[in-house]
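Taking it in order: structure first as structure tokens, then the write-up.
When the chains are written out, they are named A, B, C and D in that same order, and each has its own residue count from 1.
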Amino acid sequence: MAGPLRVTIWNEYLHEIEHEAVRALYPDGIHAVLEAALEKLLGDSVQVRVATFEQPEHGLSYEVLSETDVLTWWGHAAHERVDDEVVTRVYNRILNGMGLVALHSAHASKIFRRLMGTTCMLRWREAAEKERVWIVDPSHPIVDGLKDEHFEIEHSEMYGEHFDVPPPDELFAISWFEGGEVFRSGCTWRRGKGKVVYFSPGHETFPIYHNENVQRIIANAVRFAAPSGGLYLGKGRNIPQPLSPIAAKHVVDERLHKAK
Amino acid sequence: MAGPLRVTIWNEYLHEIEHEAVRALYPDGIHAVLEAALEKLLGDSVQVRVATFEQPEHGLSYEVLSETDVLTWWGHAAHERVDDEVVTRVYNRILNGMGLVALHSAHASKIFRRLMGTTCMLRWREAAEKERVWIVDPSHPIVDGLKDEHFEIEHSEMYGEHFDVPPPDELFAISWFEGGEVFRSGCTWRRGKGKVVYFSPGHETFPIYHNENVQRIIANAVRFAAPSGGLYLGKGRNIPQPLSPIAAKHVVDERLHKAK
Amino acid sequence: MAGPLRVTIWNEYLHEIEHEAVRALYPDGIHAVLEAALEKLLGDSVQVRVATFEQPEHGLSYEVLSETDVLTWWGHAAHERVDDEVVTRVYNRILNGMGLVALHSAHASKIFRRLMGTTCMLRWREAAEKERVWIVDPSHPIVDGLKDEHFEIEHSEMYGEHFDVPPPDELFAISWFEGGEVFRSGCTWRRGKGKVVYFSPGHETFPIYHNENVQRIIANAVRFAAPSGGLYLGKGRNIPQPLSPIAAKHVVDERLHKAK
Amino acid sequence: MAGPLRVTIWNEYLHEIEHEAVRALYPDGIHAVLEAALEKLLGDSVQVRVATFEQPEHGLSYEVLSETDVLTWWGHAAHERVDDEVVTRVYNRILNGMGLVALHSAHASKIFRRLMGTTCMLRWREAAEKERVWIVDPSHPIVDGLKDEHFEIEHSEMYGEHFDVPPPDELFAISWFEGGEVFRSGCTWRRGKGKVVYFSPGHETFPIYHNENVQRIIANAVRFAAPSGGLYLGKGRNIPQPLSPIAAKHVVDERLHKAK
């Protein structure tokens, strides 16, 4: 790919404005912490912009999307208020190659559920318990640079199984929770020409996005989800002329096909 | 499972009524041929009923669906006229365990596309060419009883790659077409508690559903897609009490969570 | 399949003889508990026999294997003393359709490692800690009949990630351990015409094989791993005559190919 | 990764010496064409060396392997003469992160079969027939830069299904053959920390490695198979001290464990 990877960080950006406790952790919004992390870890190889819920078209105009290679998504309170037309626009862009990195509560976003074809529901508990993230695929580029088999998040929201998603194409992380649950916390899927990553650690009332291992994984996920440059069609295409010769043997009723 | 497997064969049943050429091949409808095949091959282990597009609620009332273990689907001309509420009803039933066997042009049905999260589009050509179906997973129960590495369909409609579906969880057949294309013609996916099978051979203007290998695969697919009896949730569930003890260490702001 | 499923339970059967603590839990051997469980849960649909390490050919003669549809394997202390020729014999039988259900410490057996192509190594700790088994694929026939999202084993040996196996074709269970690890405890893979299941709960110094959920899963796994009846080749086959006509265009140098 | 990707091209290099017809196509060996292709397409981002069968240790000393990030493998006539110790060395290096790109007849090499755990056998015919390679995963980085849904190879050796490998983790290409077969011609698998790619087009008596689409895919495969920098263990590790506290409840018999 010529030039830097163009990343758009989408943040709902409501909790940070409404709640002092959230603002204390993310004074300039979750997006600002993610943006700084990507710039620190990926440098000139990325060019980052931010879009939020309250902007016109949620900040995701056709123009912005056409200039986006990878979109990260953090939403929670306003899932149902995201405009359906924008969701369809993002969906089409993903099928045509834009990567999606869905973060934490984005599991319940319209765009993620539409790509998955399932409810994407799960168990959850907000008890500030310990989460220990285990790497289960050391060959995956998304875990590149991690120093150990696992890392810890001191205070986390529990997300637990059964997580109602299709079996992931790749599973790179499983989380252990102090209170007794497990969770497939790092997953990838292919949809059309686009790559989809889900990574669950991250919550508005805990400083998880300041964790350097979490930042490393998100930066790697952005790189992994970069579009490949080949062809994609995603539409029906009638090919009346065969590529190789067909023995003449059967007259298809022309009237029938015209009628259809 | 106690008692026979309850199968509902859904057939659009429009082409057979409108076109003499189709009626010549399927005088009582495609569903009648499928029904006879399931009864011949599976005997008392199944109990089959039929539903069609023109019936009230397309024949798929809540009652019918609640008494269906596996639904087979053949549609083509009326995909867009299938009622959205019925589609949602079928979708929910699949996530809760009902199997779906999507046949041929059902790749473009609303229900299949919703489960996949992609366009499900493909190349196609109706030139009565030869199709040769190759078995690529001899361990799969869906190919149980086939006698050779491949079988032939003398006159078929070509469906070709790229087929815009998520990578199948299991790929059991790939088709070769005389005119030069290939196609992943036998695929399975898991969605929620339900199993989804797609099998492409089968077309209204060719006698493909009379082919004994095709019938064998569809019968095996019905058995494979039978529901498993375990638990499924598919909804968010807050679990405030941990299963194992959590060290007290962090007071979560109650006001914040009430606000959300 | 006509007739009952023919199951051979292979048990190393050394710990039970040598150690009183093991004998107290499994007085007639681990195999006896598994045999009783399969007969209780599967009844006349299975026909069970037992083979052990100390028998001639480890109880796995060509005749026994040719009459076995599914083999379960429990070994630990004598992995390296299992005869290579018997391992090759079992391996060939699996590729030709016999199912394998590998239990607990069988992860390190010669047969399992040969099928996987990796080290199959893992973390472990014997501290009698709690294991909680979470079902992550409620659609899978192996979890049929389980009543809840998870079940507990009060005292277990910890097996933890990273578990060095190929990504499983299907992942149906993940275990949580009190001491802080997670483990992909229920996995399946396809090899040739055979199905391979790995299920980790089960240990000689804990009464885990008396647990009814564990027994249910092993019984379901045996059924799942039953052979399918189709064709398998697993050998190179030169097909000089094409199935469809090839345009004459290139003379392949006969001498060259004779020389090879 | 700092510095260029270090690639070792392994070529058996026997056919080119023994047969004039092969030498006419590959006068300096298949490796020379591959080397030129990688250098043309990947430039300074790779550093390429060559190793061949007749060299001491087949050119694959510990030193060479320790300085290799990705190994490509072409072999045919001498598979069984490759030294087992060298195979084990390569195998261990792959599990520890080195990528492997197995080309054409390498499907039957010792190293590939050991990683797969199956026979890796297939149908084949040398009739100079047309092969048409279809891209079935347009999101995959290995197909980056291809201009169409498919490309053609005018004269090819047929490799056909059933191909006895484990279901690939990713399937990016399926080939159509004029004579009637299909083949999963582009596959990837994960083994330990290493990535394995298989790509079938390529044969000593046809100029396939001069084809620019084939060269593009091999170059992309080399990049894809580059090692990730995280941790890998691949050995058993006893962890007597739990990471999180365990309730005291069960005294494990020390004598028993000493005995084992």
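Everything that follows uses one rule, which is that a residue touches a chain if its C-beta (ideal position, glycine included) is under 8 Å from a C-beta of that chain, and two chains touch if they have at least 3 such contacts.
As the structure is a computational prediction, the values presented were derived from the model and not from experiment.
Asks: By the touch criterion stated at the start, how many steps lie between subunit B and subunit D on the shortest route?
Replies: 1
Asks: More C-beta pairs touching across which pair, A-D or A-C?
Replies: So, comparing the two chain pairs, more contacts are at A-D.
Asks: Taking each chain's centre as its mean C-alpha position, how far apart are subunit A and subunit B in Å?
Replies: 28
Asks: Compute the distance, rounded to whole Å, between the mean C-alpha positions of subunit A and subunit D.
Replies: The separation of the two C-alpha centroids amounts to 30 Å.
Asks: When the C-alpha atoms of subunit A and subunit C are each averaged to a single point, how far apart are the two points in Å?
Replies: 35
Asks: Counting only residues that touch at least 2 other chains, which ones in subunit B make the list?
Replies: If we look for residues of subunit B contacting two or more partner chains, we find 123, 130, 132, 135, 137-138, 149, 160, 162, 167, 169-170, 178, 180-181, 190-192, 232-233, 243-244.
Asks: Which positions of subunit B touch subunit C when the two form their complex?
Replies: 97, 130, 132, 135, 137-141, 143-149, 169-170, 178, 190-195, 228-233, 243-244
Asks: What part of subunit C is in contact with subunit A in the complex they form?
Replies: Touching subunit A from subunit C are residues 123, 132, 134-138, 149-150, 160-163, 167, 170-171, 174-177, 180-182, 184.
Asks: In the complex of these two chains, what residues of subunit C are touching subunit D?
Replies: 15, 18-19, 21-22, 76-77, 95, 108, 114-119, 121-130, 155, 158, 160, 162, 164, 166-167, 169, 178-181, 189-192, 205, 232-240, 242-247, 249-253, 256-257, 259-260
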